[in-house]
Amino acid sequence: MAQLFEKENNLNMVYSFKNDYSEGAHPNILEALKNLNLVQQEGYGVDDYSKEAVDILRSKISNSNADIHFVSGGTQANLIVISSILKPYESVISATTGHINTHETGAIEATGHKVNGVDTKDGKLTPNDVKSVLEYHVDEHMVKPKLVYISNTTELGTIYKKNELEELSSFCKDNQLLLFLDGARLGSALTSQDNDLSLDELSRLVDAFYIGGTKNGALLGEAIVINKEELKTNFRYNLKQKGALLSKGRVLGVQFLELFKDDLFFDLAKHANIMATKLSTGIEGLGYSLLTKSVSNQIFPILPDTIIDKLSKKYLFYVWCKSGNAMSIIRLVTSWATKEEAIESFINDLEALK
Amino acid sequence: MAQLFEKENNLNMVYSFKNDYSEGAHPNILEALKNLNLVQQEGYGVDDYSKEAVDILRSKISNSNADIHFVSGGTQANLIVISSILKPYESVISATTGHINTHETGAIEATGHKVNGVDTKDGKLTPNDVKSVLEYHVDEHMVKPKLVYISNTTELGTIYKKNELEELSSFCKDNQLLLFLDGARLGSALTSQDNDLSLDELSRLVDAFYIGGTKNGALLGEAIVINKEELKTNFRYNLKQKGALLSKGRVLGVQFLELFKDDLFFDLAKHANIMATKLSTGIEGLGYSLLTKSVSNQIFPILPDTIIDKLSKKYLFYVWCKSGNAMSIIRLVTSWATKEEAIESFINDLEALK
Amino acid sequence: MAQLFEKENNLNMVYSFKNDYSEGAHPNILEALKNLNLVQQEGYGVDDYSKEAVDILRSKISNSNADIHFVSGGTQANLIVISSILKPYESVISATTGHINTHETGAIEATGHKVNGVDTKDGKLTPNDVKSVLEYHVDEHMVKPKLVYISNTTELGTIYKKNELEELSSFCKDNQLLLFLDGARLGSALTSQDNDLSLDELSRLVDAFYIGGTKNGALLGEAIVINKEELKTNFRYNLKQKGALLSKGRVLGVQFLELFKDDLFFDLAKHANIMATKLSTGIEGLGYSLLTKSVSNQIFPILPDTIIDKLSKKYLFYVWCKSGNAMSIIRLVTSWATKEEAIESFINDLEALK
Amino acid sequence: MAQLFEKENNLNMVYSFKNDYSEGAHPNILEALKNLNLVQQEGYGVDDYSKEAVDILRSKISNSNADIHFVSGGTQANLIVISSILKPYESVISATTGHINTHETGAIEATGHKVNGVDTKDGKLTPNDVKSVLEYHVDEHMVKPKLVYISNTTELGTIYKKNELEELSSFCKDNQLLLFLDGARLGSALTSQDNDLSLDELSRLVDAFYIGGTKNGALLGEAIVINKEELKTNFRYNLKQKGALLSKGRVLGVQFLELFKDDLFFDLAKHANIMATKLSTGIEGLGYSLLTKSVSNQIFPILPDTIIDKLSKKYLFYVWCKSGNAMSIIRLVTSWATKEEAIESFINDLEALK
């Protein structure tokens, strides 16, 4: 993918590992937008490109009846899906680290619903986590938990294994709970070296989920997938009401078409994961440890504060939290656009700072 | 602008006058997105392009203190601005034809607020219209109207003259009301042959407004402008909560930069208006009348149903409503991308159908 | 009922015809509250008195499966029932004079839903009124009307005849709409001289309704009745969330028990209606006309402004609106507590002012 | 207060220590309602009794400018006050045991706001607890905490000491936070043997609070007190919108008049506390321990499961949670109506079960 980077930042400048949305879109996507630009199309997501993208995605998840809708961003996807499912007194269960619980400015509560946060060790919810919430909420003086929200990859970079998702899915069914998966970084999860889930297997195990485009090569865009029949009714009304029905819905359709007509979506995610592995391997090779095993495009090295300080002159990243002994945990994120040279440069610089 | 149309629809096919968002973006915008694509930038709207676009817009409205935020669409802009302003018991006054009153699926009500609709003859609100609402709402058993919502151009294609906006603005100030202008088609309004308002004059007369990009050459994007100090506080929290803070905010920044760094925004709107005038002149030349005088990019010809039926085989447009005597009113919309040949073809076909 | 008034206002003082809630409760109700006061009971509406009151009401409406819940007031009843029924994008249709549309401070909108107001001549909705709303709301760019809200008596003192309610009910069923009746003054409606509906007939024709206690002899309290199965699920959660589940639910149960264990509810309403008829007959006898025929406990005489001014020295009432020619319409309301002497005094005073 | 119990439950029957709302109202209150019953009064809380009660309360809190409003219940008071204060993106901080956090069915979230729960050891919030929330919420991706919610007594029966409330109040002021106190059981707190706060001292330290009537001798009713100027504006609109403005507001006014015209409110609370002390002393005298020191009308004894099982045949109470070793914690609540004989009987029965 070397050709991607011909207009890249000069590495003498600061290079960002802050997130996976520091660049624009994969060039193929821009090219497609340009090629189809002047063809007149219907508005509001019923253009030919959106329809074709929907068909392809239905085929990839092996569910020709799925409802699929494209929206601009992850918070929007989360708030629309969740508010469309819940009755006024119903709540959604999430890991306390879940994006909806702390990093969406109360978007879910703003639609009227409580988020029941559960502490977890790795950002993943287990049947027991969910059970503890159910056991506590027993009557009409408390909200009624109805939906379980998970992220894959999680906000801590971990992923759900097939058996874990099966158990959670099964527990939800047995307890009349619905299961919704936030796939802002689903590409990274499904191409992780540790992953044993296919996209269609994952889809079968959840009632609804979304596939993140923004953090995996699109300019913007997430694809909401609704498998459960009763959740489909009049869904477009929800999109419109929440300001998510773009006049030029084609903008999202064209991008998902490009991402999924071949394997671009997976190729881009794989690249991000490979870069992350290279980064974590390099860091571990220098004797530093990581907060969690690196399995996706977010890694959490634990480094001395003095070194972090010096690194931050040349690289952008978040300092996650203190780790005691003048050490801190930082977060490094790779993406479809991450340059191998940037990884090498980072490792070299880190070595030089020892 | 002939070069715009080299990949256009073949006119032997159906040509759409349904709206001003049937095509993608002006080529310059796509080019800019491509050129800046791989430069790393901060997320969430604080990238260099967004900041530069904000600076340019501030200069164009002669208000260096204005808060300017880019969002994806018009309904989103409306619901975020309005819900950020009103206390729970406060309401917004709108023409019954106003977009928020009927064509946004209750987006404002979904944030908890009543829209007080007022019937108008031309889609424009006058001080008397607003006064009638105030006089009715006198105590705590009714909502308290606090905000006046207007559109320019209106949903009927009419525009506010300078003195009309001054009077309304002045009335609002005198009655402790705030004034918000929906500029989804502001370009068309400000380049109308009947317009006597400049962008900065208009800006000075309202507390907040938004400048529509989607319907005037952008892929997507509206620029919210907040002039009133007390409405600025923590506004980004509102954006995030409602799902409007795009990770790749650059996508919006780049587009507004391109639209406003020179006069592209106005040039595109002017083209749409000229095409509309050509269309209305042609139609009137054939002896048909229009619902309202054509001053912007929406025109409302009154045609025999039999002719409408035949036209609809070659052209897409909305049939607005019946007009008696086997006649109906249709809506034709032109845009930055409307081809002069399409106008000529429409007039020729209409003539042939006489 | 002369014994009711032994502690009444001295008629030399100002007497109020402003509303039907100027006094406290019927003495029997206070007596019952006193007699049962120190018996320990379960909280939150599952006390013995509430349960017995529910059983009696079920029997009176001939529906042993109805869900019945007691709440404090009418706005509370309306907002809880309506918000419990509607999905986020659904709306409720009401006469523009409907209480929820203008006199509840946007309570319905505060739960996220639009009220579609329809102008009517007498405060009553017809199938055609509802149809006009349905025909306008055709796609996801507009709210989806799902519920029809009517009041009986209406806010203009009119009542629904059996055939009118049957037609409306039937239209709703045919159009997948639900029908909810606000019975704040249901007692007055059902004991009107023009009424031909029994309580159980009315109940069968609506999906949900409430029976007003506050305006018919209770200290406070309305009984929500839910007939439609799918609306019953978890209803108590809605009560609790909206602050309507009183710790001492017995307070409401005891009152409804007293109102319905015999015919007190109907007797009190009948008295109010008789007083209203006496008042309207007297006023008409003096040559004045009424806005609408007086059929319930609200009457709307049209009087000269000079006389209104003088009457207002001795009587409290609302001036409804101007009627041209130095005349205005006033509203006089009678209640279970209205004294016959007060009526006579009013008529005498009016006669003296001719 | 022996005369209170002449119509009491026979102690051969089950006696309830489940809560402090098992009985009706103190007889003086019923008497007052009866005496004033037929005097005509204005509706919606501007009757003479409500006004007089407001005056008396203002005097008792030494703040003649306080806004005081009477509402039906605690959840209603909480949701109205909190939603009236917060902007859409602002949140309220509460102990996880706080009533709004878990026992009001998401009432706060239903008005659009997140509750930031903080674990505490005794149900009381300290400046450090609040600080930890502030430190976490640093930008627009998270809600903005604006209000601190505390209860006195807390849900665990503990109370705030003067210095604790002063420190918290001071911390809030320093950090632009508002402080709201839920006084559902304020009577019990202020008459606790451990209390060193007067009502007016407490009032000065908070921006708003409410005084609970329902759990201290009223049929229903809580008095919302607003001290902070900016929170007073148009408050009655909030009451009406949320269904809290009773037509017969007199019902609440009369009761608070009776509770506060002399010291009935404090006398009743004192009785409840004395009964609780008697109960806890008796239980400890038998060798059992309590979860927390008993300072108010809720006590939490730790008893063997076998004994709990037998006690439950004669007494109603909640089993709070398991305590290991075949022991559980139960909650016993006393009230203004608790009979000394019932306490003695409970202790005797407990002794007999040893």
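Read from first to last, the chains carry the letters A, B, C and D; within each, the first residue is number 1.
The rule we apply is simple: contacts are C-beta pairs under 8 Å (C-beta built on N, C-alpha and C of every residue); 3 or more make two chains touch, one makes a residue touch a chain.
This structure is a prediction, so every number in the text was calculated from the model and none was measured.
*Asks:* Please find the path from chain B to chain D through touching chains that uses the fewest steps, and give that number.
*Replies:* When the steps are counted carefully, the minimum from chain B to chain D is 1.
*Asks:* To test your reading of the model: what rotation angle superimposes chain C on chain D by C-alpha positions, in degrees to the nearest 5?
*Replies:* To bring chain C onto chain D, one rotates by 180 degrees.
*Asks:* Assuming a repeat means more than half of the contact pairs shared by residue number, which candidate in A-C, C-D or B-C repeats B-D?
*Replies:* So the equivalent interface, with over half the same contact pairs, is A-C.
*Asks:* What is the distance, in whole Å, between the centres of chain A and chain B, each centre taken as the mean of its C-alpha atoms?
*Replies:* 33
*Asks:* I'd like the Å distance between the centres of chain A and chain C, where a centre is the mean of that chain's Cα atoms.
*Replies:* Roughly 52 Å, centre to centre.
*Asks:* In whole angstrom, what separates the CA-based centres of chain A and chain D?
*Replies:* Going by mean C-alpha positions, chain A sits 44 Å from chain D.
*Asks:* Residues touching two or more other chains, restricted to chain C: which are they?
*Replies:* 88-89, 104-106, 110-112, 140-141, 143, 237, 240-241, 245, in rising order.
*Asks:* Name, in rising order, each residue of chain B that touches chain C in their complex.
*Replies:* That would be residues 88-89, 91, 102-106, 109-115, 136, 140-143 of chain B.
*Asks:* Please output the residues of chain C touching chain A within their complex, sorted ascending.
*Replies:* Residues 83-84, 87-89, 111-112, 140-141, 143-144, 234, 236-241, 245.
*Asks:* Which residues of chain B touch chain A in the complex?
*Replies:* Answer in residue numbers: 4-9, 15-16, 18-19, 21-25, 27, 30, 33-43, 72-80, 104-107, 110, 214-215, 219-220, 237, 240-248, 250-251, 337.
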